[in-house]
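Right, I'll just put the structure down here and ask away after.
When the chains are written out, they are named A, B and C in that same order, and each has its own residue count from 1.
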């Protein structure tokens, strides 16, 4: 079977709306995961008490669970266990967020812990209130430290968004599969889809590596 | 001074005790109130018992597929890392391209590409299990190439010089001095990757590769008991994953303490 | 300018002519010429940054040269890979940081090169290892791992490892500089014994008392050049070189 450039290049325009769906999935999941992550980080830093215990349990559980299992569980079991029936898009976002949230929580925690103790002491010595300490001294530094890991997590989210195709969300992979299945031109179409994913993910990955290097230098 | 300390404690009490507990309780209530608790009565895990052989087979397939693929990936990745050391521009470019392509595209896509697209190129078609095996091997090779490269670079320069000064041939230098030391350094991240692929293998179910998730999905459809089936699958992944993770943690400690004396 | 002074008429083992080496703009070696003959013990001394270690490492090809040539036991540098490897099998080196192979026992560290380079059998190589390790007074540690030994012990193993190839010349790159003071002597003692045994030695060192006692010649380097090359008596009794006098005064 010979490669047909027309099919290859012809695939890209057809992926337009699917690409948008993928981006929506990733961004929505990122936002929700960050929210979850903040709460988890708070809980994990405290360590004890109800929230601490809950956070630790959550992180242990959702880091050990494959996204695929969770996606299937929420989509197929959700209606039985909860009253509402989520759309496949919402199920996908929820599943991705629950898992990514666990990792985000740990990233936030590592970032906070990595801010040198001396910073807190200096801020205290200057008489800064807690709010100002967090907002102006600790958070910016913690954020800078976390950035490479956050980028890395975004690439993972983007890759995992493909799994959501299993429950019928019309994102990139789903679109590519159906197109290829219709035309039997698997080679060109899947390669095109791969290229789109690569174009999305590779720059993020490079950025993450570069950030890590600059951070290592300045510290 | 005194007043500040007292106010501090009051502040701490709010932030560190009251608020977190309130959040925890609030969240738990939020989730619990949405649950249709009646479903618990209908749960019938015993119904899964008759599928125990299939579940066992699926779990075994997951373990074997993950284990062998990652092992092959280690060999492949090390070879690629050695190839990079040769500093031959065209080869290095090829290797880096391979690594970046396989690391920056979804495993699911690679799986389907290998199963559907590759046969169109080579004329050889593979079974789903074979495709899954190849996909994990190829991707883990890419991740391990990076780890192997880091491992090789971590070896002190003096080791290379001592091997050179003794007039050892390149083959002896690599096989007996460099690679053994690099592999030792590689083992903790390698173990982490292996555990990662154990979990990631669940996505192979989308092609019915035959691992645990494939089996679970079939059981769920056949028995009309998705909650039991998927919960059980989740539990298996969690428990096995936890066991492997703690083994990895112990491995990490063994390997870092032996380096300390240097 | 003092020319090279030889105390013996033996065949030359190392002949360096006008060796040059630069790193970018910085000239580390500016035309170094030296001849080492069989049986000589030559110590290279001088201030830090004078190029002593760099020069030593050009001789077995660990550093490349940008000018001049070097001949070791008849083989010339720059040369092919085969030739470089052959030189390394004939010129042993002991490093400042020992560089023992941590994943191998002392025994294997010493027997590896003879077994792989010379295709010796395991039992033959073992005999050599045992003999050499006894010679450096560390025979009882033969099955230990390097991390279990002190610095001084490790360095002595390194000497045995270099001797196992029966080199024509043994080169030392500041062998005691990385050792705690109490361990320096055990290594110097071994080197002293070696110097009496007739083996050709080229030692870069800061240990002036040792050099004075043991060397046939002392080569003083500064700023990438050999400033003088004299027997110890002449060198230490105030040679007419201001650089040397400056150096010696700092050590006293």
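The working rule: contacts are C-beta pairs under 8 Å (C-beta built on N, C-alpha and C of every residue); 3 or more make two chains touch, one makes a residue touch a chain.
All values reported here derive from a predicted model rather than from experimental measurement.
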Practice problem: Return the chain label for which the distance between chain Cα mean and whole-protein Cα mean is smallest. | Solution: B
Exercise. Report back the single chain whose CA centre is most distant from the CA centre of subunit B.
Key: C
Quiz prompt | Intercentroid distance (Cα basis), subunit C paired with subunit A, Å | solution = 57
Quiz item: Measuring from the mean C-alpha position of subunit B to the mean C-alpha position of subunit C, what distance in angstrom results?
Solution: 49
Exercise. Express in whole angstrom the distance between the two chain centres, defined as the mean CA positions of subunit A and subunit B.
Key: 17
Practice problem: Mind listing the subunit B positions that touch subunit C in their complex? | Solution: 156, 158-159, 161-169, 172, 176-177, 180-181, 184, 258, 261-262
Quiz item: What residues on subunit A touch subunit B, complex-wise?
Solution: 1, 39, 42-43, 46, 49-54, 60-61, 64-70, 72-73, 76-77, 80-84, 130, 155, 158-163, 165-166, 173, 176-177, 180, 186-187, 190-191, 193-194, 197-198, 201-202, 205
Quiz prompt | Residues of subunit B defined as touching subunit A within the complex | solution = 11, 16-17, 20-21, 23-25, 27-28, 34-36, 39, 100-101, 103-110, 112-113, 116-118, 120-121, 199-203, 205-206, 213, 216-217, 220, 226-227, 230-231, 233-234, 237-238, 241-242, 245
Quiz item: Any idea which subunit C residues touch subunit B in the complex?
Solution: 60-62, 85-90, 92-93, 95, 97-103, 112-113, 116-117, 147, 161-162, 165
